[in-house]
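Below are structures written as C-alpha cells.
One chain, chain A, appears in both complexes that follow, with chain B as partner in the first and chain C in the second.
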Partner chain A sequence: MTRAIRHITMLTLKDLRIEARGRQTIGLVVVLAVLIVVVLALGLGSGGGSGGLTATAILWVAYLFGGVLIFEKTMAVERHDDALAGLLLAPIDRGSIYAAKLLANLVLMFALALVVTPVGIMFFQFDLSVAPGGFALVMAVSMIGYAAVGTLFAALTSSTRLAGGLLAMLVFPITLPVVLISTRVLANLFEHGTSLAGSGLALLIAFDLMFLAASWLVFDVVLEA
Partner chain B sequence: MTARLTIQHADIPRFTQAGAIEARTGQSDSRRVLRLAQSESAAMLPAVHAVGVHKVLDDRPILRDLTFDVPAGCYAALLGANGAGKTTLLRLLSTLTTPTRGELEIFGRNSRRQGALIRAGIGLIGHQSMLYRDLSALENLVFFGRLHDLSEPGVRAMDLLDFVGLVDRAHDPVKTFSRGMVQRVSIARALLHEPRLLLADEPFAGLDAPSVDTVERLMAQLNEQGMAVLLANHDVRQSLRLAERVLVLRKGRLALDAAASELTVEQVLREIEQR
Partner chain C sequence: MKSARVRIVGPVYGIVTFCLLAAVTGMMVWWTPREETMGDVQKVFYIHLPAAINTFVACFVVFICSVMYLLQRRSWWDDLGFAAAKVAVLLASIVLLTGMIWGRSAWGAWWQWTPRLTFSLILWLLYVVYLMIRPSIESSQRRALICAVYGVIAFMDVPLVWLSTKLLPDIHPKTISMAPEMRLTLLAWFVPMTMLAAGLIVTSMRINRLQRAASEPAEELDEPRLVPAGGQA
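Showing the complex of A and B:
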C-alpha cells in the first residue's frame, strides 16, 4: 500500500511538474472556460438568467469543456514519444497510473474552478455567500465523478485520431447524471435553502464510488487496447 | 546538430552494482545483492523461451507459431521486412502485450502470470524515446529510477549519463536534444534498473554514422558484461557483424534461426524477401 501511494505521488508530481513548466493546459483551458461563461452571459442578456440554477448550469458547461481539454492534454503527454510505454515497463501497478492521472486532472480542474467560478458569480449576480461550503463540497464531489470517467476515456481515445472530439462524445452522456444531480442540488441549496443532507449528495458520492471502482478495474485493459 | 557519441568511461556502470554502491555509501543494499544472486541462478535459464507463440491483432494474425530460444548472454539479431512482426514480438517480450496463444518465458518467468517480475529484468529501447520532452535528462532518469525502486536513483542516473556521454547536458530538457542525444538518454533509461535482457527496436534509426558506431559499441559492451541483447534491425550486414545469432521473421513466421557466423548477407536477404 505504501509503495502504491509512493508511486501515485511520484506520477502525480511528474504530471504537475510538466504542466508547471509549460502551463500549456491550464492556460488554454482557463481562457476557453472564461470565454464560455462570458459568451453565454452576454447571450442570455442582463438579468435574463440570474439565479442558482442558471449560474451553476453555465458554470458546468465551462467545467465540462475545460475538463475534456484537461483530460486530453494530460494523457497526450504520455503518448508523446511513447512515454506511456516507459511507465508500463516499470514494475508498478497500472492502477497507480490511473490514480495519479486522476489526481493531476483534479488538481487542474480545481484550479480551473478557482478562476472560472468568480467570473460566473460576477456575470450572473450569484450570491455564493449563502452557502460557500456547500457549493464547494457539491462541486468537488461532482468533479471527482466527472474526472474519474474522463481520465479513463482519455486513455482509451488518446491513441485515436479523433481524440478530443471522441472523448467529449463518450464522457458527456455518461456523466450527465452527475451534472444534472449536481445542478439540481445546488439550485435547491441556493434558491430554496434546502439542506444538503438527503438532497442528492449521497447519490453523487455513490456515482463517484461506482465510476472510480469501475475505472480502476478496467484501466489495465484500456491501456492494452 | 547531432552530437557524436563518446564513451567517456572504459567501464560501463555495471549491472552488478551492489559492490559499487557498498563502496560508495558504506551500506549494503540487500535488494541488489539478492538481485545479483537471482541473476546468477537465472543465467542457467534461456533469456527467451518461446513455444508456439501466436499474436492476433484486429483479427489479423501478426505472429504465427513462433518457437525459439535466446540463450542468456546471447547477442541476437531479429530481422525481417516491414510488417514481418518484429515490433510486435518485442512488445510481447517486454510484456507490453500478451500472446494470443502459446507460451513465452523470460528467464523462466511466464509472460502472462509474472509480467511485473519480467519487467524488472528487461530494458527496452523502442522506436520512440519513451521520455518526457519537458523534463531534463536527469529528471527523466531519476523519475524512472524511482519507479523501479532504485535506492539511489540520482547517483545511478548520473553514472549512466556519464556512460552515454551526456553528463554535461544532464539538466537540459530532452526537447532540446538532437535525435542521437535522445537515443543515448533512451539507452540510459533502459539500463537504469540493471536489466538482464536488452530489447532494442531499431535503435540506429535516424542516427548519423558516428552515433551509430557509438551505440553499437555501447550495446556490445553491455553484452560482453553478460547482458542478453535482442536487436530488431533492418541492416543485414550490420546485424551479421554485431550478433551471434540471427532470427528472421517472414509474415509473422520464424523463417530462419541460425548462428550469424554460418550465414552470408545474401542468404539472409533471400530468407527475408522470399515470398
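Showing the complex of A and C:
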C-alpha cells in the first residue's frame, strides 16, 4: 500500500515537473478556455443570459475542451520516444500508473478552473458569494468524474492518428450526465437556495466511484495495446 | 450444408417478419380504437415502446460483446458488437422520432427537455459515437479494443444518464390507460419488432464478417492477445 502510494506520488510529480519545466499544456489550455468563455459571452450578447445556469453551462464548455487537451497532452508525453514502454517495464502496478495520470490531470484541471472560473463569473455577473463552498465542491466532484473517464480514453486513443478529436468524441457523450447533474445542482443551489444534501451530489459521487473503479480495472488491458 | 440452411432460413425469417409487421401495422391502423385526447397520433406509441425496449436489448448485446472481446480478443465479438450498435442506433432513432411526433401533438413543440426525451437523445448520441469512431481508427485490433472499452463504459453510463435526466422537470405522462384492443396491439408489436432487431443484428454481423474476411488475411481474423506497445493506428 505504502509502495503504491510512493509510486503514485513519484509518477504524479514526474508529470507535474515535466509540465512545470515545459509549460506546454497549461498555458495553451487556459488561453483556449478563456477564448471559449469570451466567444460565448460575445455570442450571447449583453442580454443573452446571466446567472447560475448560464455561467455554469458555459464554464463547463470551457472545462470540457480544456480537459480534453490536458488528458491528451499528459498521455502524449508517455508515447513520445516510447517512454511508456519504459514505464511498463518498471515494477509498478498499472493501476498506480492510472492513478498518477489521473492525479496529474486533476491538478492541471483545477489550475485551469482557478483561472477560467473568475473570468466566467465576471462576464456573466454570477454571484458566487451565495455558496462558494458548494460551487467548489460540486465542480471538484464533477471534475474527478470527468478526469476519470478522460484519463482512461486518453490512454486508449493516444496512439491513434486523430488522438484529440477522437478523445473528445469518446469522452463528451459519456460525461453528459456529469454536466447535466452539476448544472442542475448548481442552478438549484444558487437560484432556489436548495441545500446540497439530497440533491444530485450523491449521483455525482456515484458516477465518480463507478468510473474510477471501471477505469482502474480496464487500464491494464488498455496499456497492453 | 450450413450455407444451404442459411440460404433457406434467412429468407423465411425475413418473410415471416415482414408478414408479422404488415399484420401488426394493420391492427394498429384499423383495429385499435382512436384515442380521445391525442387522436391518431397516439398510435405511434405502439411502435415507440417496443422500439425502446429493443434499443436497451441491443445496447446490452453491445455491452456483452465488448466484455467478451476484452476477455477473449476474438474479432467475432467485435463484429457482433458493431452489428448490435448499428441496430441500437436505428431503434433509438425510431424512439426519438416517434417521441418527437407524440410530443408535437401533446405539447405543441417538436422538442421539450423532458427526462425521457433527453435520455433517448443521450442514449442515441452514446451509440452514434460508437459507430462514428470506427472508421477513424485504421488498425482493426486497436479499433476493436477502443470500441470494446467504450461499449462497456457507455452501457455503465446508461443508468446514470437515466437518473440524471430525472433532475429535469417532467411533463411526460406517467401512466397511460389503454383499452384491451390497444394493449393487445402493443403486445403484438413486440414480436415483429424483436424479430426485426434480431434479424438485422444477424444480417449485419454476417456482412461485417464478410467485410473483415475480404480486408484481412485469414490468420488475422482471430487476433493474438498482445500487440507491441506504441503501435500506430
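General observations
The rule is short, and it goes like this: the second predicted complex is superposed on the first by the 224 of 225 C-alpha atoms of A that agree within 3 Å, B and C clash if a C-alpha of one lies under 4 Å from a C-alpha of the other, contacts with A are read in each partner's own complex, and residues count from 1 in each chain.
Here is the rule we use: contacts are C-beta pairs under 8 Å (C-beta built on N, C-alpha and C of every residue); 3 or more make two chains touch, one makes a residue touch a chain.
Everything numeric here is computed off the predicted structure, so don't read it as measured data.
Of the two partner chains, neither chain B nor chain C is touched by A:193.
By the touch criterion stated above, A:14 is placed in contact with chain B alone, chain C being left untouched.
In the superposed model, A:82 makes contact with both chain B and chain C. Of the two partner chains placed by superposition, only chain B is touched by A:91; chain C is not.
With both complexes placed on chain A, chain A has more residues touched by C than by the other of chain B and chain C.
Within the superposed three-chain model, A:133 lies out of touch with both chain B and chain C [touch as defined at top]. Once the two complexes are laid over each other on the shared chain, residue contacts for A:170 go to chain C alone; chain B is not touched. Touching of chain A by both chain B and chain C, each in its own complex, is seen for residues 82, 85, 88, 224. Taken in their complex, chain C has these residues touching chain A: 70, 118, 122, 125-126, 129, 132-133, 136-138, 141-142, 145-146, 149-150, 152-154, 156-157, 160-161, 163-165, 167-168, 225-227, 229-233. Considering their complex, residues 3, 7, 10, 14, 17-18, 21-22, 77, 80-83, 85-92, 224 of chain A touch chain B.
Residues of chain A that touch chain C in their complex: 79, 82, 84-85, 88, 149, 152-153, 156-157, 159-162, 165-166, 169-170, 173-174, 176-177, 180-181, 184-185, 200, 203, 206-207, 210-211, 214, 218, 221-225. Put simply, chain B touches chain A in their complex at residues 94-98, 116-117, 119-120, 122, 124, 126-135, 139, 143-144, 146-149, 189.
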